[in-house]
Amino acid sequence: GDDGGGGSAGGGGGGDGEAPRIAAVFSGTTTDADYTFLGLQALEQAEEDHGAETTYSESVLVPDAERVLREYVADGYTVIWTHGSQFYDATVAVAQEAPDVVFIAEQDTEPADVPDNVWVLDRNFHLAFYPLGVLASAASQSGRIAYLGGVTLPFSYSEVHAVEQALADTGSTATLTSVWTGDFNDPTRAQQFTSQLLADGNDVVLTSLNLGVVGAFEAVGDAPAGALMTAKYTDKSNLAPEHYLTSVLYDFEVMLDEILTSIEDGETGGYLGMSYEQGIALQTPQNVDQAVIDQVDQVVEQLAAGEIEVERDVTPVE
Amino acid sequence: MSGVSKSFGPVRALVDADLELAGGEVHGLVGGNGAGKTTLMNVLYGLYRPDSGEIRVDGREVHVRSPRDAIDLGIGMVHQHLLQVSTYSVVENVVLGTKGGGTGGLRAAARRIGELSDRFGLAVDPRARTDRLSVGARQRVEILKVLYRGARVLVLDEPTTNLTPQEVDGLFASLREIVAEATSVVFISHKVREVLAICDRISVMRDGRRLTTVERSATDATGLASLMVGEPATEQSSDVAAALGLGAVGGGAAPGAEPAPEASAAARLTVAGLVVHNDQGVPAVHGVDLAVGAGEVLGVAGVAGNGQVELAEALAGVRRVHGGAVSVDGADLAGGPTCRWLDAGVAYVPEDRHRDGILGAASVTENLLLGSQRSGSYRRAGLLDWRRVREHARTTIDRYEIKTPGPDAPAGNLSGGNIQRLVLARAFERQPAVLVLQNPTRGLDLRSTRFVYDRVHEARDRGCAVVLISEDLDELSLLADRIVVLYSGRVVGERSRGDYDAYALGRLMAGVVQEGS
Amino acid sequence: MSAAPVLSEPEAGAPAPRSRAARVLRGALPYVLALVLAFVVAGIVIAALGYDPVEAFRTILTTSFRTDFGFTETLTKWVPLTLLALGFTIPLAVGRFNIGGEGQLLVGATAAAGVGIVYAELPTGVLLPLVLVAGVLAGVVWAGIAAFLMGRFGVNEILSTVLLNFVSFQVLDYAATEVWSDPAAGVAATQRVGEGAVLPDIGGPPGVHAGILLAALVTLATIVVTRRTAAGFELRAAGTNPRAAGINGIRVERVAVVALVIGGALGGLAGALEVSGVHGRALEGMQANFLLLGIIIGLIARGSAVWVPVVAFGIAVLEVGASSMQRTVGVPAEMVLIIEALILIFLLLSDVIAGRLARRAA
Amino acid sequence: MNEFASLAQLTVVAMVPFLLASLGTMLGGLAGVFSVSQEGVMLLGASVGFLVSYATGSSTVGILLAAAVGAVFGLALGWATTRLRLDQFVVGLALFFAATGLAGLLYRVVIGQTATTPRVDTLPRLEIPLLSDIPVVGRALFSHNLLVYLAALLTVGLWFFLYRTRAGLDLRSVGENPRAADSLGIPVVRTRLWTTAAGGALMGVAGAYLPLVYTGTFTEGIVGGRGWLAIALTFFGGWRPQFIAAGALFFAAMDVIALRAEVVGVGIPTQVLLVVPYVATLLVMIFAFRWARVPAFLGRNYDRESRTA
């Protein structure tokens, strides 16, 4: 085969000042205004900041990931980033075959047995959701909070438990109902679920969805004033301005930047957790009192400073 | 029509064929199976696009691109095969494609159909669903469809195949009326008697050409028959006579009929108290008892729709037996799967050969194999031995004179006569103990009809028990050693050879009298 | 719905050997023409969107053949594609549409993974066969439901198999998130199966899992059974004209039920092989669009078990190549689908062309 | 009582996309053409419906254009299978791929990569005066968006047209026995062309319904298998409008009830609840299979001059 990968393996060494050639693997399309779009932004930023040559593949299915990765290796890319923890296993597998190439994989834990040429980016969703719990308990009038997830994955459980912990920590008596639509990307189902959650008297809905979230916002848009909803990854305030609470914003630009800088320094692997200090930010809450905003801001600061420990608890929620 | 040619792949169905139809005449169109009669008429009706040739109506050239064009030109056609939406009622089938209101319109249409069927003696219930009707009734619906529309030119492609003699008479009477109103009729049939009875002029087709046209007054049965068969009718065998539809009935034993074989001691086929349901789950055969000995031909007469289909299928092991016993050579088969009946030596030649007889899209070879695929003679090391199958197919094709472009040609493209030869070949090659035949010569030309009769005789001579279910009394009289009459699913009478009386049989068939049974 | 005319297998039985080569050549010509035409049209579309069509096509054609992993990947995809295509065409021969390949694959994979996880300690010689059998049996059960409903109650099999596909998603999801969940997978996925459940690679690295041999064997067996045995003949006969077949002693309903169940077994096997040979686990999305491609393969091959593997290889090349196009020239993901659609349409058109040619030749 | 009304209302809203897509499938199928491109055409309808509404600000224009694009795809199916006599299944799948690709491509060309999701207002609810004030029923049936009412009218209209008019009789004969229809001058090809086109239009509208009623925006996964389900429901309904409506209603009701159970939290795993509508539909089929007949010539192309086709 084409041994291009070996030829430009210098990138792995990093320090020789050659511009990296970065390839990214996305699970969705770059037009999603959501998770994939964030990846694209980071990629474009890396082009600017590091003079990188970049390329990407969209809508890659998990079963296809290994092949796509191998193709990038063969094409001589020096840094390969899989955007989404579903690609983690494939990334590690290919990384073992191509020790000269640096891989960036995403995870929701700190995994063991990571090859030397793999950077693990931990998205720490439980950290992100803790302040949402605080916010929800403060914003809810009815004392009924709902969590709307996609698939019952461990990270999703950790989000629910983080919210529970937040409720416990703040001494809130609010009840938390958690529901999964079965699909992160089916907005219609999300709409149906949300309508029912709202009809049941839940007045704050914390969503953890990808494209499905637009349906959830459509449903909350129809609800009476007071019903509030949070989003994930990007600002979604335009979807239902009157009912928008906040979003946990994910910034992959800084993360990629950090990793690329480390690579340039010769570190071909490592672990990097996202946090409110780096990569995660809580959008300023809307449609609530300033006091609530202040309270949550404080929590975020404490989280960033490491003063609050949020447990990563992935035990299933019944 | 002139200079009409039409090829289907390698088959040249029409070669420079022509036909002239005068106003107000009934024009007979005859010729062997596959001569091109239907093709020519399909061209006229816009169903087939000819490779060349022209059609003139009243001297003006017309282009018939579809049946719609033909209908607009005042051409109507009764097709050779039933063309009905089987889930529709009669009236719905009749009004298809015509203008008219909604449900109210249908009521009016049903009234008109009632009138038409009264006037022309074509009894059907306009409200009945067509798939619940007998083949004969469906045939009447086909004719009613054309009559309902009215036409200047009426093409009837073998319209009488499924009709009783009375209905044929009724149809002929109405054709006379129609023609009197300056309509022209093309009448296609294989039955010399019918053609002579109704036609003013007769065209004979052979190999895709019009051979000749004769005036009715200038020919007679023998002359026409020899034209149709394509050879001078020198041999005056009983078969030819029967094929011509002459003699037999009414004259007691057919001339030259062989003596009835002595009734063999052990019956090969015994039927006791047979009860069979039709597709709607209604009993169609009520407690029939039959016994057929080796070398005996039992004729079953009756008007279509009196349980023949159900009886035939039950005897062949195709339809579930609801009560009673059917045994072959002493072994009761009732309730067993069809393959057990086949193994016991039952062979069945179904009435509707296109629908029930062949795998249309499969090759002639495969069709000949059908039913014997598990027999040891075609197997080697557990696998089908295609070389042997093919060899056998080739010899069978020769022996039964099946006209086909080759053993690999799809069976569905063969002409009706040749499909029937194929079905018979398959049945006979099994060396059956019991042979069930239903209307085996329907729609066949003279030559093929004679062929079928010869094969039946052969089987009988071999000691096979033959059940011949037919609506054709001539055929029964000629072939059967004994005739039972089926009416409303019951055997209402029985006659032995020498005692056949068309009048008496006819009354039994009509259910007018019932003999003790 | 009765059998589509597509399934008539013109070369059923042994064709006359004489003109075979010439016939294959003449038969292939329109297809080649169609492919060329499809690429020309697709190229125009790609160019219109502002991408480089030459480079795009170079990718399609070379990915599978110029790189080891590309070829490996193509062969790896060939396995489920072939199995699902056969799983579709076998019931199709009796005029039944098995649209349930997806579900059969998924439950097969789930069962295989379950066995591979629960009995992870068993040695290869025991576990591997167990895993494969579990997959096949699960497929049989899944198709068996549809077959039973069809045979006993006359429930249309398109309806039931489509519905069962949706159920199978949840079966896998349940196993992957509740029963044998792998928390680190980042997607609904089961834990890895034991070492003993993993199929060895042949060739390579990168190698193709040994399941390809099994798939090849199954294909061969299908060819022999459908063309050379009484059962295969009965299958086709029942599909060509159920009435005539029944009258001649073939139990059409039973044949249909068995065919559907066999289709399910193949789907289940595909699932088990994906687990044992490719992913080492069952995971969400592993069905890819194998079912739709399998159906397409079966139809392009006109139900002929001989042509299915060949067409499946072509489609695998196309799949692997077309998705690589995105990488090399940046053609958006959606374009891949459009190109595949174009190729399909033109392949079909080649039939029309071939038919016209044949008619002219006659 | 109130809860029942709200569940009933959700059910009605949920059944409409199935109903429209199944009626579209039925229409072509009754003339003998079996479409399998629903999933793709619906996605395209969703994309076009959204994009046009977004660009013009008029959801009516969006719906009409979604219908038009669906009709084009339907017509393509009709044309390829009647004029060229290509295999219906393969053409349908090819069109599925093409429509799916086109849907995403259009969105990409028009909207491109943005940080915020573009959205349009969803269709307003039209309360029918007086009727909507009836307790329970009013809320469930007479407080909906325009498309819901149109779908209801369409169902009744199609039933009347197909079973109470001569044109409907002619149409159905084409799917039952095209040879018979042809021989009586009923234009088989033209009937197939217009029914597939109209059917495609309905699928397009069914797709447009999703962004314009449920989400206010387009996403790739918005159809989420509803197109395939529409095929199943068409078989479920025995290719007749009234039973298709019943089937869609039943399926949607099961779906809403299962969803309800999930939200209330009955301690049954999500996955089990999610399969309820599918399994329930299958179970009903066991008892109701008798009504499910299929047009005799469904899925087969008609060739006037061939005997084997």
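Descriptive notes on the structure:
When the chains are written out, they are named A, B, C and D in that same order, and each has its own residue count from 1.
Methods note: a residue touches a chain if its C-beta (ideal position, glycine included) is under 8 Å from a C-beta of that chain, and two chains touch if they have at least 3 such contacts.
Every value quoted in this text rests on a predicted model; they were computed, and no experiment measured them.
When the interfaces B-C and C-D are ranked by how many C-beta pairs touch across them, C-D comes first. Chain geometry summary: the mean Cα position of chain B and that of chain C are 45 Å apart. If you average the CA atoms of chain C and of chain D, the two centres end up 28 Å from each other.
Here the spacing of chain A and chain C, counted between their Cα centres, is 35 Å. A straight line joining the Cα centres of chain A and chain B is 76 Å long. Shared interface positions of chain C, i.e. residues touching 2 or more other chains, are given as 5, 8, 170, 173, 177-178, 332-333.
Within chain B, contacts with two or more other chains are made by residues 360-361, 410. For chain A, residues that reach two or more other chains under the stated contact definition are 29, 59, 152, 182. In summary, the structure contains touching chain pairs A-C, A-D, B-C, B-D, C-D. In the complex of the two chains, the chain B residues touching chain D come out as 8, 45, 47-49, 66-68, 70-72, 77, 79, 83-88, 92-93, 95-103, 105, 145, 360-361, 410, 412-413.
Looking at the complex, you find that chain D touches chain C at residues 34, 80, 84-91, 93-98, 100-105, 108, 225, 228-229, 231-232, 235-236, 269, 271-272, 274-275, 278-279, 281-282, 285-286, 289, 292, 294, 296, 298-301, 308-309. Per the touch definition, chain C reaches chain D in the complex via residues 1-2, 4-6, 8, 149, 153-156, 158-160, 162-167, 170-171, 173-174, 177-178, 292, 295-296, 299-300, 332-338, 340-342, 344-345, 348-349, 351-352. Residues of chain C touching chain A in their complex: 63, 66-70, 73, 169-170, 173, 177-178, 181, 183-189, 205-206, 274, 278-279, 283-286, 288, 320, 323-324, 326-328, 330, 332-333. Listed in rising order, the residues of chain B touching chain C in the complex are 7, 9-10, 316, 318, 337-339, 341-342, 348, 350, 355-363, 365-366, 369-371, 373-374, 379, 382-384, 386-387, 389-390, 408, 410.
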